[in-house]
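Next up: some structures, all given as structure tokens.
The two complexes that follow have chain A in common; it is paired with chain B in the first and with chain C in the second.
Up next, the complex of A and B:
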């Protein structure tokens, strides 16, 4: 690695690699003898493979193998019962359309791609259903409890309230679509030694999954994932296609690279599940909430169950004595979903925060005032105080910055020509997690510090944040510190998910730095040096080239005494065109309340990115299926609309930036999820304020606005 | 799917014919080579020989002479043959911009260009943008304004941004946004990308 020069200590530590093209992502390791895998996928939605003709493909130039259920190498973990991942090449059953059924491996990508087109399959077909709405409505369809029912006080208290609303909210399937395509390079060597270059949010998790499937020791498996081109949740598990790549390498004794196509990103690596939610709210005429009911149906697959925290927020976000929730998952014949940024909480927040706005309107109250009036002092669900919560301050800052005083409570009041202006607000909240991680610190006599942990950076700036924590504690300039990650041989850390990395790994960085400092102080004392001596002098005096130590850090009993959350408030100003129904987001203000801000530049970017994702969720993103065939019909970037540059207005980000006194030594909480949670509701609420039209079915496309009365 | 890879037998028979005819021609012209080639996968080697097309191009001021299959995209050629992996693959359909390079100074989606279409052309990739260890002003501005998170779309964004400035499409933030909308950033760094371009384009000079 070349020397990094940081013009500003807040710049990303890996920025130089990313802007020069030197950052290497999984597919960019040129292993000698590398071969290329290309997948063949099912063309039916449900049934069984009857014949698979691979002869022509095998004869095609450059082809080394065609792998399928007919000839796969042994994966002993797949031979056992239990677990329900799609056991790739260990079944002839088809569970969804586009399921991988074979992999062609050739000596070039083009040859593998061509040969894959020569594989022919025949099937016996079965009846299927990919329509989630239909499955939910079908009384006979299978339905499973996704989370235990929750009840506090009187069930469905809203029904007898002075003022009540009851509404249904729909979310479509969304697809993560990180810019980097998924895949893996697998290099299986004799004696069951395996090296993989992966796209993963957790190198240790990937290592563990591979060890389980192939029944080889963890130590035999090295997972490298230094740079990850985005994940947003889809790289939180090891997918069947990765196992297939390893199988191919094991079979051939050569390194195999698989890179999915963009189309395959819709069917092989998860999605945000569709959801149908009903919210009932009851309030007194003075605006006191008296009942919250949140009932949710979430999509899952028939072969593997997926659940998430859709109904969590309703249980504690507002002061209310009567709350009940129910979360049911309903299988359809599609690939299994996975958490997508904000995960279930973002799904739930769209419904709840839209409903809160609807209730404020029913009460003829300012929705901000209504929220402040029902802001809880304690967490009623856990019956605990919040460790740190500054929502009222966040409301005040955000309202001032967006120009909330310009807003009229009566919808459709601000009209300029064909454009109607509206303002919306919503809240986001996510559990401030902290897990267990280890970090090794190596303090060198040349004045540098190396920190190592098997964590990941899918984009938030893990290395930058960790470096800033260490820099401040050790008083070492940021460009003299290197943080190594993305390698399973480093000290263990959990996967990067659930907004926990800064809190979890940062605490271990803190602890190892504190330990290194005390070691230096001891060494100084031994050498009769002043306790405050510079570590370089101390190491030299002791004839030590370096000192190193590893510390494990985890949360303690404080989590039993306090309820810990990160919060965000999103303010959105929109303009809606009267004739066309086009929504233009005019201005965004997001305020983060997530403890101390460690890395101001990357933290701001994370909030900006969440808002951009939120614009997509609110206005453009929907994975559309033709239910006659069970196939996605917009599985590409031309038809699945993620926001582009011109969709995004000015975004202002503000932070409360006060330490949470209990969460961890830094007082810092995660913000990857809260950046997006609730955002789509702020847009929906702004559209309502602009037009008087309430769209409860995402995305809010012009046709829905025009059709709404 | 590449159009040249369509699943019909025409391609196969054409290929078989090529194998046979080239073998005959080769035997007639150079018996010793043909005899040598006849050992092992002879017809395979001949097919490979005749299915490749010579290509001369200049990438980052370095000349390359190669022979490539006509179906190889410029993107795959850069990444897999030249190991210039700074140019990214995001969709292979010209829909995301991650593969943006400059061909004779203009921004091009390298996934939509076959390598052989670039005979004699001058290609600049992200690896060729800096002047030695000195970053191009756009690269420096992307770092300063944090115009990226995961970094995967970044090379394409920067190549596109340089072209955007040189095209003169930087008269307002909204014009920049419009002319940068062929480059998707899923992490959502758009406002920061615009900040970087605004800074570099001040003064109105080409870069």
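Up next, the complex of A and C:
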């Protein structure tokens, strides 16, 4: 592999590799003797496998093994009781349609695919329900608390307010659908040495999970994941199908590769859970918010529980003395969900930010003005000051750039032929996390610096950001710095999720650079050199080819004294066609308020990607299931609509770019999630402003516009 | 992956003799539909006869007739100066279909022969009368948002997904078919079928036949035309409904000739004959367009999730007519 090198601030360390095909993704490691696994999946939704006939498959050309619960390939962690009930190949239970029940391994992918089609299963079927709406409505259905109830002041205060609204918002299942398909290459060697090439957002987490299941020491496991073709959250855990791949390699003593099909991406690696939310808002006639109630139901599976932060935002985003929230998860017979970009907060923000717009309309107030009026000075939930928050400035910038003054408060006022124009705004917020990470720095006498950490880069530009932090601190040109990641043998770092990597790993880069600098200063003093001498001279004078050190970094007490969040404001202008109901997004302005911007190019690209994802969430994305069969209907790229270029207008991105004084040495906060959170509400609000039609059921497809009165 | 034999031929004659010998053989053109169907186990041909090298890519004007070879790519047709000038409706409809990458390899014959995109048809675990006659129709009572509102049967409510064909039916194209005995011609409107009791049959092409070209008479419809495709995203999505409209307008704003057809509403491209008859000789006015749209919807029937089409379709007819007639 060539080095990841950055030429200037507007470059990416890996851009050239990605556009020239040199970036190597997990599936591209052509190990000698590689064999291919193909999965057989259940065709019923709930019940038990009664028979599994693998004879024909075993006899098919090139087939080396058929793994299933019949032969239980060795995985000591699965032989114990407890743990996840979906222990692949250790259970005959079927929890959902499309669940993997066997894996055929052959010497070519085509042969494995053919042989997999020969495996025959019979089942005893049980009654099932995959319909989330039905489960929520069913009084007898199982319901679990997803988060402790929250109350501040009077419960349901909105009910007695001067002006009140109470509305229900629906979100369908969405599927992450990164371009790169999920899978793994596993290479189990004698003496329990394992190398895997993975698609993961956390090489250390993957290593830990594998160690647990196979009961081998972490040191025996090397997880490589240098390039990831998009994760959006679905690569935040090690899925049963990855465990199955390792089982197969261990069983056969050969490297095994598994790559899911696009259809399997809908059933084996999670989804954004469906949600039904009720928001009640109360306000005084002058626009002061007096009550917020946020009640949410989220989808989960019957075999494993999944919860996320759907109702978090309601607790602190607006100045309001009376707030109560409740979050309940309801199991259905589908695969377990997982965080999808912006996770639960994006789900919650759709409801809350739509409702805020509805309240502004009820009050006959400009929704921007209404938001500014209720912008909190302190975090009322935790009773702490915000470490850094510049929302009013962000509102001002965004409003000016989108042309908010053209907007009319009365819906349906801007009409040109059949096209109706509208403007919408919303806010996104996400916890500004900072975890614990280690980085090793190797400063060399040839003038270069190598930094290493077992973090990941699923696309946001981690390598670029880290390089820029080091370059600035060390005063070393970026093209002399290499940042190595995606390898579990490097110093530990957490998984890339929750917008925390820049803050967490970046701090460790900072700390190791500071330490290296002081080491150089000491060495300079020892050699009677000037303290400002160049490190190359200092190392040479000391006859050292390099110095290296490792630093661990984590947040201090500031986190208890301040409430730390990243914010984003999204402005959207849409045109809606009166006769056909088609919605065209005409312009997007997103303003990020997330501390110092380390890498302008990759930061912008985060916001652009979030906006595109937001357009998808608002207008096009929905995974459809036929509840009579429990099977997905649109599980392919032709029918599951992610936005295409033609859907995306000009996207303007602006940043406040002021350091947060408390978060970390760089003053920089994460922005992967805020890029998406709230966006869908801005679109829905703009559609309302254009047409007077309030769509509370995503995605806003043309039929819904026509059906709404 | 089920094994199959791959054969390549360079003449239509040998292609026809190969196909007539073997009922489990299929022609391979661009492959954008057939290969997908094979991957999903919906089509399981034992022989693929690659016809891409058969010289049927011509796009030319012969006398008053425009000839389009069955193997001309969708892009070649849409971008051809002759088509852009004389049949702009066809070019517009083609460009509304699929994506540039698909259009570059998809052919005219393949586009006509493409099968429905009904999700149940593609999933061999689901019932579908079209794929497996007698197994039932999954879409009735299921996910039928994309499905037909006209000419449906109890056996199948699928739509023909093509955009190109919606323009071709409006343009009164003639399909020329070849078989081992010679050639026959069939009107485009008679090429595709309604589902009826035989949903497994999409069209009237016989097992030993091949599409070789289209013939379209030069017309006066190149000025006032529009192809409106209403879809869930701006490109690379099948039509919820689509409308092809082409008119000839006299100096006093009377409609002297009109062609109207729809896609996304029936098992075949749907010609709106009653609306056409109503509009002929009338003024190109909003009221008349509304009346024409109303007439078109006479026998429309929804199946639940596609009920919205009963509103979207007439609206789209009005919009297409309005845009077509506002071109100076």
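We take it that the second predicted complex is superposed on the first by the 700 of 709 C-alpha atoms of A that agree within 3 Å, B and C clash if a C-alpha of one lies under 4 Å from a C-alpha of the other, contacts with A are read in each partner's own complex, and residues count from 1 in each chain.
Here is the rule we use: a residue touches a chain if its C-beta (ideal position, glycine included) is under 8 Å from a C-beta of that chain, and two chains touch if they have at least 3 such contacts.
Here the structure is a predicted model, which means the values were calculated and not measured.
**Student:** Which partner chains sit in contact with A:638 here, chain B, chain C, both or neither? Use first/second/both/neither.
**Tutor:** both
**Student:** Looking at A:102 after the superposition, I want to know if it touches chain B, chain C, both of them or none. Which is it: first, second, both, neither?
**Tutor:** neither
**Student:** Could you say whether A:613 touches chain B, chain C, both of them, or neither, answering first, second, both or neither?
**Tutor:** A:613 contacts chain B only, not chain C.
**Student:** What's your read, chain B or chain C touching more residues of chain A?
**Tutor:** Of chain B and chain C, B contacts more residues of chain A.
**Student:** Output check: A:461 vs chain B and chain C. Expected answer is one of first, second, both, neither. What do you get?
**Tutor:** After superposing on A, A:461 lies in contact with chain B but is clear of chain C.
**Student:** Kindly classify A:113 by the partners it touches after superposition: chain B alone (first), chain C alone (second), both, or neither?
**Tutor:** So A:113 meets both chain B and chain C here.
**Student:** Between chain B (first) and chain C (second), which, if any, makes contact with A:43: first, second, both or neither?
**Tutor:** Only chain C; A:43 stays clear of chain B.
**Student:** Touching A:646, do we find chain B (first), chain C (second), both, or neither?
**Tutor:** So A:646 meets both chain B and chain C here.
**Student:** Looking at the overlay, what does A:181 touch: chain B (first), chain C (second), both, or neither?
**Tutor:** Touch partner of A:181: chain B, not chain C.
**Student:** Figure out whether A:601 sits in contact with chain B (first) or chain C (second), or with both, or with neither.
**Tutor:** A:601 sits against chain B, while chain C stays out of touch.
**Student:** Can you list the residues of chain A that meet both chain B and chain C?
**Tutor:** Residues 110, 113-114, 117, 638, 643-647, which sit in both footprints.
**Student:** Quick check on the complex: what are the chain A residues that touch chain C?
**Tutor:** Against chain C, the touching part of chain A is residues 43, 110-111, 113-114, 117, 418, 577, 579-582, 584, 619-620, 624, 626, 628-629, 631, 633-634, 638-639, 641, 643-647, 701-703, 706-707.
**Student:** Where on chain C is chain A touching in the complex?
**Tutor:** Per the touch definition, chain C meets chain A at residues 1-3, 41, 99, 117, 119-120, 123, 125-126, 138, 141-143, 145, 228, 230-238, 240, 308, 311-312, 315-316, 318-319.
**Student:** What does chain A use to touch chain B in their complex?
**Tutor:** On the chain A side, the touching residues are 7-8, 11-12, 14-25, 27-28, 30, 56, 61, 108-110, 113-114, 117-118, 177-181, 227-230, 232, 259, 261-262, 458-461, 601-602, 604-606, 608-613, 636-638, 642-648, 650-651.
**Student:** Where on chain B does chain A make contact in their complex?
**Tutor:** 1-2, 5-7, 12, 44, 47-48, 69, 71-72, 76, 79-80, 83-93, 95-96, 98, 125-127, 129-130, 135, 139-140, 142-144, 146, 148-155, 158, 174, 176-178, 180-194
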